[in-house]
Structures are given as structure tokens and as C-alpha cells.
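In what follows, chain A forms one complex with chain B and a second complex with chain C.
This part shows the complex of A and B:
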């Protein structure tokens, strides 16, 4: 099998594998060699603030997950009544606010860059998937406030979900079910989709600007980003 | 002024709603959207720090 466009030839390309484990290793190493997975440098066009918001969303997600773990270990009888509990609860909420703000600004930037170009369709789709799964996760979080707000949201939302035919399976008035969705299933889903999105960004590289000439040295297959840093 | 601050920051109040015709939005949501647009525009125009010297 020939190497995909944009990857450099490595000894892995010529190696022959006979087992499924070896073939899987060869497939992975061809598409995601170590210098792509953890690059030393990025192309010069990445030196812009508009590229910061994707990483901002990831940092926010880390804060969400860590504060969420602390909340789940201590439980509502802690975070509803103690000062530290209120603080960690607020960190969880405001990390979500920052997560959505940075993610949507990242989405705006990538939309106007037409970031699905150059075989990056799946990168775009996984980004949209992360956005949609995050909305569902945040919705279940609002249902877990155990106050009049969450009661209101649940009993407004149930009609929409019932009309979509999933109300019996995803019952927003069932606190136990929503709790499990929020602290187990949906965080795993968000984490998996975001991880796949980041791996795809590493595989295909950051999308070049629309005005970049096709002859740009940084867009050529096997371009060494270190050698192009002089243009910065 | 204190009363307005309490109204904006209180979690118990329904919040302040602004409306133009059939369009209605909560003040907090409007502030967040404006902040996001400002951050987006600043990211496009502000120069990025050059960082360490490279070869």
C-alpha cells in the first residue's frame, strides 16, 4: 500500500507484516509516526491567536474533568453545603462556560478557514461531533443542579424528548439515570471524540491558510517544518 | 446600582431580558456572545508573540 499524501517514507513503509498485530502497527506508524504525534514544531502560519482556542477548549475540558471527579468523589451532600464544595462546583460550571466559548470561537475560525480542506473531512466531523455530545453533556449537568432551575429544565425538556420518541429511554425526570449519563457515559464520549479529533489533527496537520499558494514549501509532502521556521 | 448588581448576580432571580420586537435575549447570554465576538476579532488582528528564536 502506498503511503498517504503528506507522509514521509519511513522504514515502516517497506516493512512486511504477517500478523494482525504487526499489520496494525505498520498501519498506525505509517499514518501517525512519532514526529507527527508529538511534533517539535508547527508551520509558521500557526503563529496566530486564532489557533489558540482549540487548545483553550482542551485545557477547559481538563479542568471540567478534574473538578467533576472531585465532585463525584464527595457527592451532593458535600458540594451543596460546604464552602469548598461550592467553590469546586463553581469551577466545574465556569470551566464549562469557558469550554463552550473557546470551542465555538475555534469553530468560527475553522469555518472561515474552510478547515475541512485537504482530506480533513473526518477532522471536521469529529469536531462537530464533540460539539454536539458536549451540548448533551451540559444539558444533563443543568438537570443535576437539584434546584428549581433543574426541575424547570427537566419538565420543559421532557416534552421535546418525548416528541422525538426517546423520552422513555432518555428520561430527564429520572435523576439517577441522568446522573449516570452525566458522570460516566457522556464524559467518556466527549473524551473519546475529542481525543480522536486531536489525533486526526496530528495525522493531517493544521490546515493551511486559504491564501497559501499550493507551491508553498510547507504544504509539500514530507515538508520539514523546522526548515521553514526561518520565514517566521 | 447595588440593586442592579444583586439582580444580575443572583441565581434566584429570572435575570434581565432584553427584547427588540419578537427577538428576546437574556442579558447574561448577550454579554457572553458579545465577548466571544470580541475575542474572535481580537484573535484575527492582534500580533502573536514571536517566542524563542529559531534556526
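This part shows the complex of A and C:
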């Protein structure tokens, strides 16, 4: 059954959606309206340095992807013979180091905030998913260095993978296999999980403080002239 | 906060109900795109500065040629072990071969065997005999080896291995006279082939123009002492926290610290199935951390140890 052509439909009115596409759009718009996706304000408690590390991880990922694209366009051995290539390789390395540093601080910050409260379990799980997939991605990157370090990591790393029975399909000494994992499969996985994580953060909002209560001053309208009252 | 004790609902429940609905209290101005831009500039400056000042390590790879040239005695001893089927690779088990009782397992749980021999490697054939047969003039001793019985071959390689161990500097030139059959000639030919650089190409190419697979060369290198000794000198071996180290002074995969940690302590250090134990333990810990929100006790620790008082200090001061 389809809606009449030209009928104007509003996100708020589910009854007006008749197609799968329309219902999916309504579902998305109800859960992630524009003011949640791109907010101009945040709750007053979002006032700590701990909040910058999530953004730090995302921005580090941007530098990883940009430097990684340049490296992949020139091939895995380019950086051995080019000064520019070596610099881009260094940018790739250090943005990875910053990525993990900021992500781990973000992770433990969220742990101590018990940030999974209030229906945010999936947000935590996707964040952990991003962390774990990133570790595998970084491992494949170290295997792609095509130098002594990657040689040794391949030799040493095979034992854990073989003991788990996956060494043939994740063969650390097979450069072609690892290359595909590192530049296609795993980056897509990291990107997808991080994107889902960010969307969930925006959908659910930043978790309020532990022990926060309805009687707190910041939940009483007009009590704080420095802040603007939430309009939602 | 002392006022919390007077509330009707327990503090935790009140907090959780607040967390479930959109925030109705005070807000502060927040510019997502501005934060993104500032973060790009700050992280960009830090990354570019670290890259320009500290760079990145790039220790050249080891080749079979460089190994044969730098440590010919070790190369010959390793080639003899590959020929005799006594090297680490020869006795590894799946996925390279089906050596009995070689796998790491816990009771009947044996995923290494479940995977089967997916990357078959016959060390004598793949690492020694086949490469020698690609030479323009293959050593005539290949025929002697081929026509000998398994017992005869084992006797030759065992005798030659013992003789190499007793020779001055383990140098094949100093080996005492004995019945080693074609083994000295075969391993010497392979040494020459490696020194000339031909063995690297033959092992990698497998009679094909294109190849991406370095499994056989990597395993051959690892069966010797030269390659692992270089790794030890660079603090890269498993018992040196090597999994998280990088050559030189550059930080490596420091996020693998816990994975590396287990290899430093008992019972893992002396366990014959340490790799499997560590993999399973890390899988378990990863699942636990991922499912923390669902696990009573683990999810309550942040309430018991109030680190959040520091994070939301400003909020609590203005309650």
C-alpha cells in the first residue's frame, strides 16, 4: 500500500508513513532530529576536560585515514625510498598513537562516569567494539611495514593466531591477505562502528552525573542565570 | 551530597531515571563544528610536530641472502634441520603440517587441529629440495637423497647436525669426517644459492610471477638463530614485552600491554599451551569489558569509587 503522490508527511506523525522507506525515515527522524544531531547547546554538566578525548580520538582517526590514503595510493614500499613517504608514514604512526591514547582515556573516563546508564548500553558496546576492531586494524598495519619489525611481528604473532585455529585465514606472513584486511575490510569496520557510536551518542545525549537528582539546583528553572534553559 | 539522603527514591534510581529522559535542566552553549575545527588544528599540530621531530623507525628487513652472508654456519645448521624434519616448522602442526601432539590445546579443546592443515609445508621439499632443483645445474646429490630411505635420511641429518654442533665455530668447513651422505653437499649448495640472492626469489615466487605470500621465507628465517637473535637485541621477543615494542625508541603497540603481560608471568610462562591460554583469557576479558553495563558488580564500581566527583566537580558544587 502506498501513500498518495504529493502528500506532505511530517516526521512527527507516524500514521502518515505508508512505505517501508517512509517508516524508516520517520523512525530515524524521531530518534535523531536535527537539533540532536547538530546541537547548539549541551547540558550544564558537560564541563570537564574528559569530554574532549572522544573528539580527540575522532580527529586522530581523520589524520589516520588521510595519511593512510596517501600511503595506499603510493603502495606499501613507497615510504622506504621517499622522504615525503617517510614523513607521511610518520604522520600515520603518530596519529595512531594519539588515536589510542585519546580513545583509552575516553574509554576509562566513560567507565568512571558509568556512561552506559539510561539506555546507553549499546553506546558503550559500540565504543568497545571500536576499540577492539581498532586494535586488530593497528596490528595489521604493523604487519604492513615491510621492514624488520613487521617480519618479526609476523613470525612471533602467528603462534597466538594458529593456536586459536585462525592462522590460515588471518595469515600474518601473507602480505596480500593482510594488505586487504588493513586498507579495506578493517577500516570499513572501524568507520562503521565509530559512526554508529557517534550516532548513538547524539541520539541519547550525554549521560547526566551519577547521584544527580530532580532536586538539584541545575534542574530548577531560573536558578542559574549563566546558563540557558533547555528548550526541549 | 547530604541532601540526597532525604529524597524519596534511592540515589541511584533517581540518577538513572534522569539519565533515561532528555535533560530538562540548565544548558551551556556548545558548538560542535567549532570543537571539531579546534581539535583538527590541535591534533594536527601535535601529529605533524611529533612526525617531524621523532619520525618513524624503518629497520631494513632481513633476507635469506643477508642471513646466509652474515651467519653461514647458522644457515647451514637450519637447512640441515629443515632437511631432516627436525626444525620448529617441521614439528609445528596445523596449519603447516600434521605432526602428532604438536598443537596447543586445553583438554579436548584443540582449535589448532580443528582448523586442519591449510598451509601445507614440507620443510625438506619446500625449503631445500625444490629450491635446489630450480638451479641450472642442480646438485647431483639430490638423486642420492631422493633414492634413500627415511631411516637413512634421518641418520645422515642427525649425524651432520651433531657434527656441526661439535665443529669449531659450528663451521661446516671444520666438521669431522663422517657418513653424512648428500647432506653437506645439499646444504652447501643451498647456502651458495642463498648468498647469491636466488633463494629469496625462489621461495617467494613458487614458480609464479606474482606472489604476496611470505610464509615459507618467514618460517625458514625463524627456524634459525640469526633472525631471533636480532629480535632479542631489539627487545622484540615475547618474554621481553616484545609484542608491544617497536624497533628503536619509538612507542609500539602499547595498547597490547595486557596481552604482553600474561607472557611474563606464571602459569603462562611455562605453559606449553600459553598462546591458547592467553588468547582465550584476553577474549574473556574483552567480552567482560564490553558487557560491563550488564554485569552486576563490575558496573557498580564507579559508584563505589567516586572518580566521577572529580569529573563532575563543577556540577556537584552547584547542586
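Quick note on the criterion: the second predicted complex is superposed on the first by the 197 of 232 C-alpha atoms of A that agree within 3 Å, B and C clash if a C-alpha of one lies under 4 Å from a C-alpha of the other, contacts with A are read in each partner's own complex, and residues count from 1 in each chain.
What we mean here is this: a contact is a pair of C-beta atoms (placed from the backbone, for glycine too) under 8 Å apart; a residue touches a chain by one contact, two chains touch by 3 or more.
As the structure is a prediction and not an experimental result, all values here were calculated from the model.
Touch criterion met: A:105 reaches chain B, while chain C stays clear of it. Using the contact criterion defined above for the overlaid structures, shared-chain residue A:52 touches chain B and also reaches chain C. Once the two complexes are laid over each other on the shared chain, residue contacts for A:97 go to chain B and to chain C alike.
Contact with neither chain B nor chain C is seen for A:83 once the two complexes are overlaid on the shared chain.
For chain A, the partner touching the most residues, choosing from chain B and chain C, is C.
Contact with chain C, but none with chain B, is seen for A:62 once the two complexes are overlaid on the shared chain. Counting contacts as defined above, chain A residues 41, 47-48, 50, 52, 97, 104, 109, 149, 229-230, 232 meet chain B in one complex and chain C in the other. Listed in rising order, the residues of chain A touching chain B in the complex are 41, 47-50, 52-53, 97, 101, 104-105, 108-109, 149, 226, 229-230, 232.
Touching chain C in their complex are the following residues of chain A: 38-48, 50, 52, 55-56, 58-60, 62-63, 79-80, 86-87, 89-95, 97-98, 100, 104, 109, 111-114, 116-121, 124-125, 128-129, 132, 135, 138-139, 142, 145-152, 154-157, 159-160, 162-169, 171, 173-177, 179, 205, 207-220, 223-224, 227-230, 232.
Across the complex, chain A is touched by residues 1, 3-4, 7, 11-12, 14-16, 18-33, 35-36, 39-40, 43-44, 46-48, 50-52, 54-62, 92, 94-95, 103-104, 111-115, 118-119, 212-215, 218-219, 221-222, 227, 230-231, 234, 236-238, 242-243, 246-247, 250-256, 273, 275-276, 278-279, 286, 289-294, 299, 302-303, 305-308, 311-316, 318-319 of chain C. Within the complex formed with chain A, the chain B residues making contact are 11, 32, 35-36, 39-40, 42-44, 46, 48, 50-51, 54-55.
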